[in-house]
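Provided herewith is a single structure, encoded as structure tokens, for subsequent inquiry.
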């Protein structure tokens, strides 16, 4: 089944075709489950003018924050963008355009993009700055606003395990936005910790079917922790 | 005496019922988990994709792939489940979470809430707060009753950009437990040693005082 | 965690509160993954005037077809209703009201109902009888129709395994509409082949989190096959 | 000679490309799976929630929990995945399936298709057909060119209620392989031994004949 083998062997190959001014969706929540090596490859490539859709934008020296110093990002659509000094500087100076979107709406917009749903109604954001310029409509006596789907030229995904056909399994809360991102990219690139042969993953346990995946690369990950919070062993 | 942050959390915890699925926001709401009454079990939902959040991990248990919505390392209880962000907010937006507790800058008599943005100051974003206030039927807002300088936060109209419109029914401050209905604040309980007059003075929106207002019991 | 123990011990208890003229969503595709014992309980109860939302309506003597002889169903919303003589008779005579809905739209309407999305746009059905009376709107130059969410008084679900808290795992294509049905019931009742203790299911492998489940019952299943199609062992 | 059902399936199979995800409807389309060319691998999507459908099971393999969209017992290939109906149609509606093959009663020059309902006759429902035709970019319709009585099925306007509007670009009948563009049928290939005149006679919608029309190769 060579036509279904999604494995590539270099990050250059994984991100081939990415050019200036493209749109990228990235999985991850904070620094958890982020496609850290794919992001580094974009930094290395020096692609500029990017529109980025991601729940957060990393920290100064890790994750999507790495794309800030060389001003590779033109615009970001995110729900929460704290913890990043260079980000704040570029946002305040107007160098970086920021579109804040409620977290659940952002997730649903990605899902809708992948699922061929061009728009949906939600109560989230009614009566707030998020509703500005959007259609409002009542259903069963309650107000809802119309939110449109998001798709991107590239979707960057971090999974735990995959088979060669791109069937993916995520691990714990590193799942977050990743399965949604996977569905919404014209080209979906996935990096994983382990690649197995087709048939080795239980079909009932696959989170993302390989049909959504174009390229797959195996790597190692730093997995930096943003808020290491512990209790004493006896507690 | 105004309640401490832990006392606010402790009073909120008395609103929990056995079998509640609960989402606790960052700050005071997070502390509610430390005061769950005896004989009551709740399951904590963390909107980044976890139902059944447990305690913080020991050093040995720390797992970079297991965090809460505040990006802190956590653990899972037995019976926990993991899901993606769309499923997590389907749960929230669809009204399946029994109680949401979150902070705010301002609340008004119409149940409006402002909690994510102070114009001119740094804007970090609403995260999941707009989804949480729009999705839950049962929300408790926790905040200080007034600013350090005595400026009211319980208003006739919110002055800051809203997080949600007409969605708040209960507010627990360091001074009072207040219900919002029919366009008015209703004083339900006062903090031990805090007078009704003191609460009236620090509340800008219309406040209904009906009969004797009991002190909070813990 | 007694407050989270969803297990009930009789079908009477499982379907308590179901009364005439209520709306029911049922999981299942054909006869695969149908809540067969819950359906039998409704037959036994004799509840009438029901509005049923399910992809199909069983066969004459199995599945939802069992509710036809005593005319317990007033209306059905389904995508495909063949293979059932009594169904055809009641439909042709007008005793049974049938609202045909495209399969993907039906699935999405259930998901939307559970997810607090009151309505969504889809290209499915544009220019067909399904579009009649529905809002039509263009996005990016293409026409879409507005479809509204579905919720029901009861959702009936068949899963494979569950823990006591109602976390569910489905098996193979018996999954189908079941996870969607589970989210869209005011009261969601699930029957399963095996109930285990909380902690025995891997949190990463749970298909339906227990938050959607109100009642859980363990049973045995006939699992009738509609089209038994086989090949010779050597082929 | 008009093509047999198997020959229609065989000709459709030549349109497959290595790595295609394919949804095959009930009837002739199902048979396409029997003619997949050497060196080409495809994965079959079954809209009830299976990607990677395999052969029919042996008696020993029969599993009531594993069926296809035609409700037949099936097996899975290595690398298959299972998902719920919403995910299955997200895949279809979102345009992720590379090729859809399905039957029809009528197709017209504007790419409209009627395939699920004959008024006055028994209505069984559209199943997933409306989603499939609305979701796929690449659809091949298979059908007989005309009815037994010689009534055309390739029309200027469909007469039956539509399954989808403006979505069909390719039709393979027992007589011809036809492309639909700019409001006209275009004859691409004819069945071996079938004349262009014969095809013209049995086609009601405008049919463009451009140059020499080759016979189908198998």
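Labels A, B, C and D are assigned to the chains in the order they are written; within every chain, residues are numbered from 1.
To be clear about the criterion, a residue touches a chain if its C-beta (ideal position, glycine included) is under 8 Å from a C-beta of that chain, and two chains touch if they have at least 3 such contacts.
Just so we're on the same page, UniProt names per chain: A, C = Succinyl-CoA--3-ketoacid-CoA transferase; B, D = Dehydrocarnitine CoA transferase subunit B.
Worth saying up front: this structure is predicted, and the values here are computed from it rather than measured.
Using the average of C-alpha coordinates as each chain's centre, D ends up farthest from chain B. As a whole-number value, the distance joining the C-alpha centres of chain B and chain C reads 35 Å.
Chain A and chain B have Cα centroids separated by 29 Å.
Centroids built from CA atoms put chain D at 55 Å from chain B. Shared interface positions of chain C, i.e. residues touching 2 or more other chains, are given as 108, 111, 115-117, 122-123, 170-172, 175, 203-204. Shown for chain D are the residues that touch two or more other chains, namely 50, 76, 82-83, 86, 89-90, 92-93, 135. Interface note: chains touch in the pairs A-B, A-C, A-D, B-C, C-D. Contacts from chain A toward chain D in the complex involve residues 1-4, 111, 113-117, 163-165, 167, 183, 197-199, 203-204, 206, 209-212. Chain D contributes residues 46-50, 55-68, 70-74, 76, 82-86, 88-90, 92-93, 112, 117, 122-131, 134-135, 161-166 to its touches with chain C in the complex. Residue ranges of chain B in contact with chain C, taken from their complex: 17-21, 40-43, 45, 50-52, 76-83, 87, 89-97, 135. Residues of chain A that touch chain C in their complex: 108, 112, 115-123, 139-140, 142, 144, 148, 169-172, 175, 203-205. Chain contact summary for the complex, chain A toward chain B: residues 29-33, 55, 78-82, 88, 91-92, 98, 100, 102-108, 110-111, 122-130, 160, 170-180, 207, 223-233, 235.
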